Each structure stands twice: as C-alpha cells, then as structure tokens.
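In what comes next, chain A is part of two complexes: it sits with chain B in the first one and with chain C in the second one.
Right after this comes the complex of A and B.
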C-alpha cells in the first residue's frame, strides 16, 4: 500500500514539474525531422552523402544551378553566361556582377577558380566528378584559369558533351567557396578543409550555424543571398531516426516537416487536416545484382530467367506502396533520356522454362546479401519467396550495410540487393557504372557496378564512351535509350524500382522545394 | 600500536594502492587489445566510413594508407596504444570531431539519463523489494512480481513508443524526443554537459523545466526497468535474510515485525544490494541504444553503436574505453561503500 502510494506520489510530482510542451514551432523557424547521421562533412569538396549534399545545396550557391524557383531547368547560377569554343573543349564563364558571400566579401571569378581547383587538389571523394574531365592535381591550374575578376575558363581533356560538363558544374563540386574565408582557416595546407567540415563559407540562402553529429543541423538566413533573403530566418533539421517518433512530432506540430515516414505511418495520418502528404519521385534505384563469378550467372538465359522471378508489381502495390514505382532501366523515369518501358513481369512458368532451356531442371541455390534495414530486408524476403516459385532457392545473408558493401566491393557475393543514386543529372553518371567496365581484373582503378558483378562488357563500354562524347542531343538520347535496353536485356543487375519519397508537411507550410535528388532540396522559399 | 605495526599498515596501504593501479592498468590494456583486435577482424572495411562507397580507387588507397591500415596489425595496435597513452584518441570519422570531444558531449547525456533512472530504481525498487520479501506470497509481493515480470519481458523500444504516444502524443504531459525544444537550444553554455545541472548553475529555470520535461519519460522508462531489476533482487535477498534465526531471535526479544525487517534484516542485505545497484547503474551508463533511438537522445550507446556500424574505429575504441572506465569506477565506488556498510570490512 505504502509503495503504491509512494509511486503515485513520485509520478505525480515528476509530471506536474513538467511544463506543457510547445504547441507549435517558432514563427521564423522551419523545423524538419529527418535521419541525418549520414553526414561526415559539410565541405563541398568532401561531402558526398545525401544529407551533406542537401545542406550544402542550401549553404552554397553554384556556378550552374537548378534554381529553387524552377528546379526543372539547368541555368547559369553564380555565372551569368557561358560560351563554348568551337572544338567544345573550352568553356568561358562570366560571373554575375554584384554578388556577395555571406561574409560580405565580393564574389569574383577567382573564388570560382579557387573552388574548382580546390576540389581537385584536396582529392576527396567528389573529386572524381571533375576528374572525369581530365583534371588532375598537376594540370588543374592550366585547365581552370582566371581571366579577369569576372571571367574564368575551363578546359576539358576529353571531348565530352557540353551538357555533361554543365551538369557537373551544377553538382556539389560547382559550389563556390569564399576563398578569403577558407584560406583564413587553412591548417597545414588543407585549404580550410578541417574548418569547412563544420562551418560554411558560401553565398547560398543560409549559413551553417552548427552541425551536431546525430543530433541537429542548424542554419541561419544569409542576408546577402542572390535570390533574396530567405523567408524563414532559421532552419533546424533534427535527427529523429525512428519514423514513428517523426509521426508523433509532426502530429503535435513540434516539427513542420517529417521526411522519413514509412507507408504505415503515412496511412496512420490519412485524414489529418493539419498535415499534407506529397509523393515525390526520387532518382535512386533499387536492384538485385547477380555476380558472374558464380558460374550459372554467366549464362544470359539464367540471368533473364531470374528477371521473371521478381514480383515487381506485387511489392510495389503492397508493402512498398507509395515508397517506390516499378522501373527497370538504369536511368530513372522523369529525366531526359529515360527509358520507361518495363519489359519484365513476374512469370514463374516462363522463368522455369527458360531455366530448363539453360540446362537447369532440378532447381538451383544462391545466396542473397542484403543490408539489414528497411526496405532492403523486406524486399529481400519477397524476392526469396518469389524466386522459390521458380525453383530457385535463395538463402538470405543479412548484414550491416557497410559490411554488405565491403563484400560487394570485393566481389564476394552471389546475389546482392542494394540501391544506387546518380551523382549528377546526366545519364552518363549511371551509364558509367551500369554499362561500363573496362578492367575486369581483381584490382581495377575503379569499381563500377558492372565490375562489382564481374560483367565484362568491352562493346557496351565503348558505346558508353561514345555516348558521352556525342554532341548532337537527339543522337545522344537514342544512344542512351539503346544502352538502357541492352543492359535490361542482358545485364546482371535486375533493376526493380525507382524510389519515391512521401513527404509530410504541416498544412501551414508552403513553398518547401523538394526535387528528385539532394541537390534540389531548397528551404529558402518556405513560408508559414 | 607500535611503530612497526604503523609502518606495516602503511606498507599494506601502499601495496593495496599499487595493486589497484596495476589491476587498473592491466584491465585497460586488456580492454584496448580486445576492442582493437575485434575491430580489425570485423567484416566492415573502415576506409568506407571515411571516403564513402563511391570514392575512386586512388582516393580509397590514399585514405587507407593515411589510416595506417597497410601496416601489420600488431604495429597498428602499438601505434594506437602509444597515441592513447598521451590522451590522443584520434578523430571520429562520423562526427569529424576529436573522439575525446565527442565523448565529453555524448557521455553527459547518458550520465543524466542513467543517474535519474537509477535514483528512481533505488527510491522505488528497494522499498518495494523489501516489502515484497517481507510479505512473501501476499498481494504486495504479487504486485512487485508482476511489475518485475513486465520489466523483464517487455521490449524497451515498444514501451518507449507507447509511452511517447500516450504521454506526449495524447496527453501532452511531457515533451517529445530530443533533449530540449528548439526554442531552448544554445541558451546555456555547457559547463558539465548535463543540461539539468548547467541550466541550474546559470539560473535558466525555463531551460531547466524544458530539459526536465524531455528527460522524464525516457528516464522513467529506464527507471522502470531498473526498478524491476532492483526490486526483484532486493526481494530475494530479503527472503533469504528473513528466514535466518537471528530474525526469530529479534522477534522473540520483542522487536516488531517491521522493526526486525528494517533494523535487522535490511542492513545485512546492503552489501549485496550495493553490488546490484552498482551493476545496474553501470549498465545504464553504457548507454541504452534502443531508448536513445526512440527518444532521439544523443547518448553514448547510440554513439558507440553508430560508430560500430560505420567501422569508425577511433570512436568505437574511445567509447568502449569509457564504458570500461565506468565499470572500473563503479566497482571502486562499490568497494568503498562496502567498507562503510559492512563493519567487518571497515575494520580489516
């Protein structure tokens, strides 16, 4: 009796001590709930994770840009205009006049040159983007040159299509860093890298106020932004890993936007007038890969047969409803040169017949490596189930995603489920990995997806190289359509879905811009 | 007492201190060795955590070399040891801060949670355990046993979500996930990192209240589990003591039943109880990963788990060492308390 009383008393005291929780977020602040623990750096020459790139898209302006006001068109951003030389190898950029960094320093062409050279000289992960243009530490000073305060030129080593070059300058490496501020914080020749990991020196809509790993990112409006001062003065992105907690937070109005809610949480808030849900197709693709180190997969018939053992529609209409759309080509739907005809349907009878033709009559067994998190593990189970109907016994090997990737990069898998997001908005980024493998040895210079699955494709690789050099846009488009068709026909990578995101926003939130990749998520036009 | 015995007892003290320090050192070295070798033989490539999956081979190779992973493993271990000997735990890949700085940030969050939970555990768990033991088989015992059973069998993340739903979502009695509402962020400076203490030091009572409204729920849930454990253990200790003959003797001498329970039996379970409470506190100080995930609580458990998944070895090793140090510290504290509560030990 005494206990119960004490317990009740204690609980009572504790609860009355607690004041009422905030009913809504502050009027000048946008609060977003999202998983942000993938960030490892916020330096545009180093960051290559989804959330890092998204933050940088808001803290730095770029040379070329999909502007927040129209994310469908690639236009000059900090540059005012560009011209290409007759041979298509040299581009001259004119910078817009009167731009200022958040620090107050004027933006000059020297900052743009510094930023591009910096990416190459620091040689972190994003350097490979511009490395494709033939830029190296040794030649970058002659390839990226300052002409005068308002003008600079870039020269490319390969005769690539101009649209690829412009797309690259609109990616994270096209972010212009305030040279003066960065160099003020230089430590042992790092061009400010250590400092810029956790600080910003840009001219984007916001300044980085703080990044607390696995806790929050906090941004403050930049008064000098080219597109005008952001409507909401502060943006706070809170790390909330649990989707159910995100749901509670948005229902209570403690956050304005919830980014990672899953289909079951979305279903739970249906009918809530205070919350709007929108579905936005993303550029990432989910696939199951077959490694040709496994002898059976060397037979194209077997690879094709397995394509018929995945229940694409079944998954997309049940547990993945709203989370994916069926897409089987390597360039996502909704982008220039995408191939939208899905040629495979779930058909175990046909698959069995094809396997029999390939000499496999008594069934066969494979392992399937899968990251042990949603949605991979559930997709893997569904694949296991549908494959069994065609006499293919699949054993699941779940693992932590980094462990799965480690195995993948060593080609140690038989089958493996993963996703892939393009690096920039040109089909070459995906062709380069799905349809190009020029060195199938065990120690290559790069490890594209084709290599990871031991798919030796000299002819397709040549066609990929030709496509990126084609300067006639229509011809180039046809080349990519053909490549996609051939990879779908013969390839070892069974692309199943294109990702879609279900975004939950409080009804009073307007103007939040969210495109198909981290490069085109903008906070600055949001109002409430 | 003769001079010789004084000298002798001084020597004994010195020896005891030396052997304590020696044990401490050995434990630490053993700890570093085990974590280090486990981390090196894990199936995760630590370079991936630094450069990401899309890095070209050249960048990858460079990072691998910079991390010293090309060297033989024993050499890697020695160089790691020599670095931590001077307090250099390296940088965390995940946060890009020095590991030491991270630990100073994440550990106080856990400390705050674990301490409140343990206080709850002791305040409620001990008396209920005593009463349950004394009233074995009666209704108070049944209640405590049922509470204990729930505490043992219900997954903490489920309880966390359900309680969030009820107390935060529906009733609005407490604040949601996180340590503070955003309106209260960055108001107090981190003196200790424990927000309740920092805000009290600065007299920022609105921050204190907000922090309290955030911590109550996760601390109560962890507290519930520690109540369940402590009550169960106290109950069985109590039952054992109450069956002893000295209790019967005390009762014959006219002690009341509750007098015998509290004045005679209870002091005798103190030592065992301290061990139980110490262990429960130490295990809470390791961080409670699931609770921290549900409540978006940036604590040590989450930090170590995340680092482990991204093969962020500096952080894993740093975190593990803290956990090791916590256990050693709590053990030492328990030893000290034994001496106070057990007259036989204090005389030795």
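Right after this comes the complex of A and C.
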C-alpha cells in the first residue's frame, strides 16, 4: 500500500516535471474534442439532443439497427427477425439468442417490451416518436406484448407503412434497457430514470463511465457486446467549445478527433500530414421561414420572390465552404426519396420583377429572428445583405436560441432562421412537419413547422397522410417527390442548405464510423 | 476692460493676471491656465489628442472611409489580409474592417456619452442628498449604494444585460446601473466636507431653501471631481461595453461594435490575426486615451497638488 503510494507520488512528480512532449493520447483510448453542452440526459427514454443520442447509440443496442459495419442498411439488431401480419398492424419480433447486457444479465424479449413501454410511460420528449403509432400510457401494455422469452409483438393503431415502423424502432427509443438493473435503481416509480440519466444499463459497445456536464463523457468497452469487444478500451469526449481551440489540440495531438472545426480552421490545417479531413453529409437542413401572419407573405408570389434573394452559392462557396451544400427540398440529399433539383438561384432582378408583379414596388421591411451563434448569425447577416439588393429591408433580431424557439413556437416572428434535423430515417419525419398542418388555430395539439409559419394546407396534409400509408415503395417515393416539389414552389420555408461535417482526425486513426445523424456515429471499430 | 489697458497688455498678460478686474477676466483666466496646465502635462495632452481624433473620426466617418459602408459584404473577398484596398483587411463576411473600425468609433462614443449623461446626475443626486440631509435618508441611500457596490461590476452588468435583452440601449442601461455607486459615494463625501463651511451657514441664515443650497452651492463644487472621475472611468465603461459586445449582450450584428468585432474574429485568430487584433487595438488605444486624459485632469485640478 505504502509502496503504491510512493510510486504514485514519484510518478506524479515525474509527470509534472516531464516536458509536454508526450502529447500523444494513450494507445488504448480514443479522445474526441466536441461541444457536448447540449446533453440533458443519457436515458434513452429522455434524450433528444444530438450528443445525447450519439452517446446512447454507443452505449445501447437497438431492436432495429444501422449496424456499425454498414450504416446504410436498416437491419434487425437485437431482434433476429420480424414478421408483419397481413393487415400490416401487428409485428412479431424474435430476439437473437445468447445476448448479454453489460451487467451480465441475459437479454430477453421482456427487456425489449419493458424498454418500449417505459418510453411511453415516462412520457419524456422522445415519447412522441412512438406515440405516432397510437401508443398511449393507457394502451401501451396491450399494444406491446411479451409472447415468450424470445418473442414479443407490437400493434400499431395507425395504418402506417412498415418501413416507417421499423425506422422508428431504430431510433433512440428502440434502445433496449436492462430491465433488472433499471428497476434496481428505481426511485419513486421513475423506472430508473434519475439513475439512467448519468449511468448506462445497455448492451452497446461501451458502458458509460461518467458524464460531467459541459466537461466530458467517458466510456469503457463492454466485454459482452454482440459485435465483439471494441478495439479501443476507452473513449473520452472532451467538451471544447471553441473551434480554434479544437484546432490547436488536434495539431498538437492532444486529441485524436476534432468534431466541430469550421471551414476557416479546416483551411488552416490544409497540408498538415498528421491530420486527415473527411467531409460527411448530414441530414440537418438550414432554412429561413416566413410567417403567414405577416400579410405580405400570404401572397405566394412574394414568398417565391424572396427565394430568389438568398445567395445560396455565394454563402456555400465562402464562409460556409465545406460546411454545407445547397439543398432546397425538405428531405435531405443522399437518402431514399430525396429531391435533388435546386430550382432557386440568387437573382435580385427577377425577384424585384416578381415583387412588382405582386404589387410591391417601394420595397418592404421585415424582421428576421436569428439565434445569436455561428453559423446562424453570419448566415442572417448575409441574407440581410442579399435581400437588401432586391429592395427588401431586413432587420435582424438576434437572441438566445431558446428564446428564438419560444417565439417561433408562439408564431411571434415575421422571418426566422433555424435548422431542422430528421428524427428517424424516413421521409415522413420531415413531411410530417414541412407539409402537414391539420389545425391552424392558435392552440393546436402539435406544432409542426408548417403550423409555426401559419401555413394552412388541408390538401397537402391529406397527401402527406396518404404517403405514409402507401405500401408500394415506388408509388410512395413519387408521392414524397411531389410533396417536396410543391413545398419548394409554394411553401413559406426557404430551405437553403444541407449540413455537412468536416471531420478532422489524426492520420493514425482508422475505422471511426460517422454517418449522417447522431444515431449512426460509432466508436467501437476505431483503431490506431 | 479699457482701451488703455489693452494697448499696454498682451493677451497673455491679461489672461494670466493674478488680479482679475472682472468676472469675465477671472473666468477666462481660469480656463486659460487650465488649458496651459493640460497641454503642459504630456500624458494629459496625449490623451486629449487621442480623444479629439476619436471625436473627429466619429464625426467625419463617411469622409474618412470614402463612402465605403461598414455593412457592405463582398463574400468573395472575405478574410483578405490588410492591403492598399482594405487597409485593415476584411472580416468573415468580406466587410472592410477599416470602415467598421471608423464607424465603430460612433458606437463607442455613443455608449460613453449616454452612460455619462445617465450616471453623473444619478450619482450626484444620490450623493448630495445623502450627504446634506443625513439621518435616515443617508442611511437608506448609502445601503442601496452598498448593495450595488457589493457585486463585481462586469458580472452585475452581465446580469442586467441578460435580463433586459441584448442591444446597445440595454447595454448602456446595464452599465449605468452598475457605474453610479462610486459617484454617489464621492459626491456624499464632498458634500459632508462642504456643508459645515461658513458660506453654507451664511446662505442658510439668509433663508435659502434646501433645493437652492444643493443646486446652487453644493452641486457646482462637486462637479469638477466628478468629471475627473468620469473621465478616468470612461476607459472602464468602454471595456465593459466591449466585454458585453464580445459576449453577445451588447451591440447586435451587423452593427460595427469593437467588442463584437473581436468576438467574431476570435475563431480565425490563428490564421487571420487582423480580424480580432485590430478592433482590440482600437479599444486599447481609446481606453488609454481616456485614462491619460483623466489622469492629467486630476493632476491639473487637484487643489492639494497646486
């Protein structure tokens, strides 16, 4: 004991004295620099933030899955197979045999049933995902049923396409929680929610060792993982807010991967042989919205004219270079049923002519709400400048993002700039918000983007509902393409860009898996 | 002044006379000597020059920049290094930094001016009232002052700015709310020193009202030290305003405000040093100018020194 202490003391002294040359990260540890201050909870029934979902994708396995080895294909994950009933309303899942949780407990169908019911019963933010299937606190026990140790069934209340149902079970709410461990930590009927916020009880590639808010997340390899033990034993994600600081860290080799470097920092490390930069398209979209509560925007001509007053290419080729690609339809490029024709170009002359046709000759004035952080504030200033060239005077109203969103949800804006990321990999998730608004009154049950901009669209809403029920994949695809075209033509939401991430990794790092959303970022195949 | 006198005396003699013969002469002589003292003091003179230049720049911003707008974006020329076309380079949206610095002088001066107009009267009113009336008025007012003094200034300003919402007007209010207590303290100390003097007693005996005594006899005597303190404080005000701008709680984009400009240049500081450094330098020079001037003024007007 004393010897260990002496050794530790000596080692400590030596480490302090040693020059900072040993910047390299430990051989069995992956160190990532990223902003992680959006995490609110690491409970799969509660997390709905980008980083929280990413951590959960690594600590929990899911019923349906985009496997780390092939993130393009949706396959059964913890389930081995599924069958759908003839009416498409009941799905029977068979669990893979021999799976174990990190705790050593065997995985059974009871855990899967518990996990799905738990999401609905806790009723936290992501509960609406499965709520769409017609599940409520009262009926979920009859809708999600245990058959035997290896089998369970789910029943859906709506007439949805099977691909949507499967996509939902591959989202964060499809994570399977270790029932025994969760219930051991239950406090006042919360099904382990308080404990699971900062601990994990799953069967993913890693276990959560600690999460310190706005500081770090550390993970430890799970020896029982279905896909084999992770190659690197530990993962540490450090909260580094400044892109410039991330650049310094990766240049020095203090981190293996920098996640939030901006185009200007990426340009700065060009030619550095120790760092590899890869560009990965993301599913998130940046847009400027126009609220139809402002009288001028009720004229579709005016809405269309403003589309021509955004310098899409100018921004994408300058301060957003490598960070975005121009995309104007509501379902991101690179996914099934995406519409990749960008019909609008920056053209102030045309815009002026269209505005004149719409009876606006002396110019108009609007306010534009924007979150006061990059890249929104920069995009907003560029939009302000290009709009001015078409005779549209825009006054910026910057604010904290939370405040901007509150105003948005109360329809208090004229114009507003925001981004939108799909909740799961099916076009319905975006069609549901961009092209569906069934209750345009001031206090509806849900507040999709179309509602937030007071866009009353009974006909489009019906088509959206029809598309999600269509069982023929080709027909369904065409329906989404048409919806996207119509929203692009008439809609109040000017979609400008699809996000891309420029990932900077040290040259010795291989096998880091990063897809288009937080659900498909996997650390377990990384080597160095 | 008779014609005989002016023929035999130079302007200098008249102004420097130890025995003024009229009120006009006495006043002119005092101003003349003060100007002489300020210009003779190198620090104060430097400060005066810097501030004068700042004021001139702010007044003639359009002429100085040859009509280049501080808001005009040329995305293709973003982050250009200083050159003959863009003296201080361009920022992340391709705006001319020289033009933004020049127009930023207006924002800075506006903030300084508004804060001064708000702070001095509040401090003076609270301080002289507390000092002259004494008793419970003094106790209440001074405890309120203590409450404000108990917080670190920038932190309190941050809290106010966050609560009021970002913007220049609110930044001014936030800074003023945190800047007045020292003035109140100072005015109170001076008032207490003055209120027992014979001339005040004389005025009281003549039946002057409290208001008259405060406004006509006490306030004018407090003003000179207040102005010195204010000049010294201006550097602090500029820094606080820049700090609020830096944190996104002051002037809002696209306004050309030096603090906000430093903040926007922070991300590219490793490769494009000029975006953050030049506005930082502007803040530094102007703060230094106000400090020099304040220091010099104190030297000049400090009765104990002469």
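By definition in this document, the second predicted complex is superposed on the first by the 507 of 528 C-alpha atoms of A that agree within 3 Å, B and C clash if a C-alpha of one lies under 4 Å from a C-alpha of the other, contacts with A are read in each partner's own complex, and residues count from 1 in each chain.
Operating definition for what follows: a contact is a pair of C-beta atoms (placed from the backbone, for glycine too) under 8 Å apart; a residue touches a chain by one contact, two chains touch by 3 or more.
For clarity, every value in this text was computed on a predicted model and none was experimentally measured.
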Touched partner set for A:440, first chain B, second chain C, both or neither: neither
First (chain B), second (chain C), both or neither touched by A:311: second
Touched partner set for A:294, first chain B, second chain C, both or neither: neither
More chain A residues in contact [chain B versus chain C]: B
Partner chain in contact with A:244 - chain B first, chain C second, else both or neither: both
Which superposed partner A:378 touches (first chain B, second chain C, both, neither): second
Partner chain in contact with A:265 - chain B first, chain C second, else both or neither: second
Partner chain in contact with A:105 - chain B first, chain C second, else both or neither: neither
Touched partner set for A:398, first chain B, second chain C, both or neither: second
Residues of chain A that lie at the interface with chain B and also at the interface with chain C: 242, 244, 248, 399
Chain A-touching residues of chain C, taken from the complex the two chains share: 71-73, 75-76, 78-79, 92-94, 165-166, 248, 252-254, 266-272
In the complex with chain C, residue positions of chain A that touch it: 242-244, 247-248, 262, 264-265, 267-268, 311, 314-315, 317-319, 372-374, 377-378, 380-382, 384-385, 396, 398-399
Contacting residues of chain A [partner chain B, same complex]: 1-4, 6-7, 10-11, 14-15, 17-22, 25-26, 29, 31, 37, 40-41, 48-49, 123-125, 127-128, 131, 197-198, 210, 212-216, 218, 236, 238-242, 244-245, 248-249, 251-252, 254, 399-403, 405-407, 409, 423, 444-447
Interfacial residue positions of chain B with respect to chain A in the complex: 42-45, 48-59, 62, 92-97, 102, 105, 120, 123-124, 127-128, 131, 140, 143-144, 161, 164-165, 168-169, 172-178, 181-183, 185-186, 209-210, 212-213, 216, 220, 293-296, 298, 302-303, 306, 309-311
